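So that you can tell them apart, the chains are marked A, B, C and D in the order they are listed, and the count of residues begins at 1 in each.
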C-alpha cells in the first residue's frame, strides 16, 4: 500500500494549482490575504516575483495536468492545457508542440499574449495556441485553460442540444455551455483556431462563461486555478458522456440556482488522486 | 500465477465484512448463533467488546472497500463508504476527508451518530458524513453504507424513470429504487447532504428500502455487511449502465417475487476477486 | 518485446482446446483421423485414456479460459466454464466454487453428469453446475460450455428482441439466439439454475442450438472445443454490446446462409492473444 | 518520468511512416524534393533501393502499428495492416497469419500483388491478404492499408446510415464512407475477402476514396503513409462510436469543404504517443 504523497512541503505549490475557491494564483505569491486577493483579482498590480522554486513546481504541475487530461479521456494526441504565469499575468505557461501525455517539465514554455515564447526560443508551438493567448488577454479572471478533445463533448457540439449540468460536479455549466460555430464566424475552415482572428471570434462566444463548445472540434474550459480547469474538463467529459445517451429525452438538469450554488469547486480530492494515478502509471 | 490468498486465518475477519446472509457484524463478535443473531438484530444489546486485532482487520477491510469502489467505478474522487462499529452499534467507521482511492487504514476514524470523531481528534470529515450518521441512527438493520457517484446512477436519477432490477445480482432493488429530490425537501441547495436536516430528509425517502437515488447527485446503498453494501453498489452501477441505454423502452424487469427471492446476496466471490485486484494494482 | 510463446511442444495440448473445425477433443487423444472423428463424434466409443500430462495441460488451459473470460468481460465474480473430459465423455472438468479470475489448475475438478466430483472429494461446487451436467448429457456434440454474465447479454435477454449475428465472428448465432424464461418453465425463482429440473428446462430451450440466453440472468454458450466456446462467448458479448445500442432500429443482420457459411470458427488467433494477455497480467 | 524518445536518429525512419502530408514513402528514399515527389507520385519510376537498415526500421514500425491498432481498439484477434515497399512499389509488407498484437519484426513478410511472399517461403498468410494486393495494384497513391474490425465500425456498416465526419480528425471521410455489400457483389459467402474476385469487387466500391466499410464484417482504411492509415483508422473508430449513439438523429457533420480542408493529417503527435504506450505495455 502506497501512502498519500501530499506532504507539508507541497502546500505552497498547491496554492498555484488550487485556490480554494478564493485565492488567485497570481496573488498568492505576493502573500496577500484572501480578502486582499479578492479585491485585486482583476488588477494583478505588481505582485512580487515568483521564487524560482515555485515556478519549477508549477511547471511540474502543468506537466502532470497534461498527463491527467490524457489519463482521464479529456485529450488524445491533441488538446492542450495552460496556466497563467503567477507573477506576470501577461504571460502564460504551456507545453511546446507535443501530445499531452508526452509532455515533461522541460517542454513547458513561457509565452506572451501574442503567443511568442518570451525567451525568444524557436520551439514549435501548438497551431491553436491562440486560444490561450486571446482568452488570457480578454479574461483576467481566468488562470488556467484546457482545450478538450473528449469525444462525447464533440458529439454534444454537433447534436443541436445544449450541454447541461447534470449534477453538482458540473454546476459551473450554469444554464448550459455556449456553442461556437466557426463557420458562422469566419466561413469554411479546417476547423482549427490557428490564428488570432479565429481566437477572438471564439472569445466572443465564450464571453463571461467558464466554458464553450466548438462545433466539429472540441471545447474550451477555463478555471480560476489549474486544478479547477482540469477538474471541470474531466467532469464535462463525464457529463457529456451521459447526455449523449439521452439526446431528445427530457431530463431534470440542475436548476440555475442549484448550479450556481454548486459552481464553486476546485476538485482538490480528485487532483491528488489523479496525480498519484499518473505517477503510478509512469513508475 | 498468484495463488488465492484466502487463508484460514482470514475467517474471523471475513465475518465482519460478509455475514453469509444471516449473521450480523455487530453480533458475530459476541459469538451468537445465527438464530440468536436474527432475534437480536434490531437490539444490539451489549455485545462483547471487539478484540483490537479484529477492529484493525475491519479498518483494513474498510480501506480495501474504498479502493474497490474506486476500481469498480462506483466512486470517483468523491463518494464514501462506512461500516457500523461491530462492538458499539452507536458508532461507525469511516475515512477522514480523502478521495476513496487514497484512503489507508490509518485514515479510518470512529465516529458517533452526531458525526463527531469519538477520539476527539480534529480530522476533517466528509461534508456529507451526515448521510451515514442519520441512516445508522434510523436503521439498526443497516451495517454498512456506500454513497455512490457512479455516472449512470446519476443519469437514472434525473431521467424520470425508476431504476429497476434487471437480473439476480440486483434483486435487492425489489420494485425499484426510490428517488430523493433535495429541492422538494429543503429547496434550492448545492445538492449536498451537508447537514442533519438534509440527511433526515434523505432517510425519510430511503424509509425501509436498501437504497435510494439522489437527483442531480448520486445515490446511497446500504447492506447488512460491508461486502453486501459494496457488492450492491457495484451491481447498481452495472444495472444503471444498462438501463440508461433503454430509457423509454419496455423491458422485462425481475418480477417482485423474483427480486425478493434473489435479494439475499453477499457477493462473496466478488469480494475476494475485487480485493485481489486492488491489491495487485498497488503491488 | 516479448516473443510469441506458441512452440512446437504446445501442439498436442492445443488439439484439446481447438479442434480446427474438424477434430473433436474426445477423439484426438485416440489419434483418430479427422474423417474417423467425424463419423464417431456422437459415439465416444472407448477412446484411449488420456495421458496424465495431457490432462494436466487441459486443466491449465481451463484455468486460463477462466481468466480470459474475466479479462474479456464475459464473466464477473460469477459465471463459469467447463470442458468435457477428453477420455471419458461422461465426465467434465470445471472449477470448484470460485470467481473465475481466481481459479488455478489445482481448483479444477472432474465431475460426472450428476455433478458429483468423481474423486469423491467434498469441494463446494457452483450452485449452477447442473447447467453443465445436463447439457453434456443431452448434447454429445458439445465439448465445452460457458455460462456468461456479460451485461449486454443480460440486457438483450430482457429486451424483447432476439440477439442476432452482426458479422462473421458471430455467424454461429444463425437465425438468432433462443431465449429461456425460467418463469415460464418453473415459476417464480431466484433465477438460478440450481437443480436438475431447471437445468433440463434450459436444455429444452437450447435444443440443438449453440447458445441460449437466460432472461434476467445471462446466457450459455457451447462449442466443439474450449477455444470455440470461449471465442463464441467473447464475440457474443461484443455483438450484444452493439445490438443494445440499436434496439427498435432496423439493422441488416447476416442472412441465414451467410451465418451458416461463417459459423465454423475456432478463434485460434484470439486464443493465443488472449492467453498471453492474461499471462502478462499475472506476471 | 520517462523522456520522449523521438531522437534525431529516428528522422529517416519516420519519413517512411509519416510523410508530413507531402512526401511519399516510396520516393523519400530517392531523396526527391517534395515538389518532385508530388509530380512522380503515381509513377514510382525507379527509386533508389532502400538501404537495409531503413527497411528493418520500417518492419519494426509495421510491427508497432500492429500493436497500436490492437491497443486502440481498431483490431482484435483479426484485422491487419500493411505498408507498400518503399523501394519496390509492386511489393508490400504485411505480417504472416497472426493476431496483430502478437506480431514481431520477424513475422513481417514481403509480398507481391498476387499475395505470394517474394522470398518464396511457405508462411501462412491472412486469408484476406487479397484486400491489400488488389488495393495496392489499383491505387498507386495508397502507401498503407488497415483492415479494421472496430465494433462500432461494424455496427455502422449494417445500420443503413452513412459514416460521416464529425470533426477535423476524420475530415478525410469527406462526404461519407462508401459501403461494400459483399452479397450484392458475389452472392452468399462467409463474408471474407478470401480471393481476388471478392477483393476486386471491394476495390470497385472503394474507388478513389480513402476508406470503405464492409457490411457484416468491418472496413478498410488507406493512407499515404503508415502513420496516416493508422491514425485514420483510430479516429474512424472514435467517430463511429459516437455516431452509433445518434442513429436516426440529425447531426451537423462537417461540411464537404470543411472536411476537405481538414483532410490532410498524418497524426504525428498521436503516432509517437501510441508508440510509447505499446512499448510501455510490453516493457
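The definition used in the following text is that a contact is a pair of C-beta atoms (placed from the backbone, for glycine too) under 8 Å apart; a residue touches a chain by one contact, two chains touch by 3 or more.
These numbers were taken from a predicted model, which means no experiment stands behind them.
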Compute the centre of every chain as the mean of its C-alpha atoms, then state which one is farthest from the centre of chain B.
-> D
Rounded Å distance, chain A centre to chain C centre (Cα mean) | 49
Using mean C-alpha positions as chain centres, tell me how far chain A is from chain D in Å, no decimals.
-> 35
Can you tell me which residues of chain A touch two or more of the remaining chains?
-> 245
Chain pairs in mutual contact under the definition given at the outset | A-B, A-D, B-C, C-D
Listed in rising order, chain B residues that touch chain A in their complex are 63, 70, 76-78, 97-99, 101-102, 104, 151-152, 154-155, 158-160, 183, 188-192, 215-218, 244-245, 247-248, 282
Interface residues, chain B side, partner chain C - complex | 1-4, 166-169, 171, 238, 241-242, 245-246, 249-255, 257-258, 261-262, 267, 269-274, 276-277
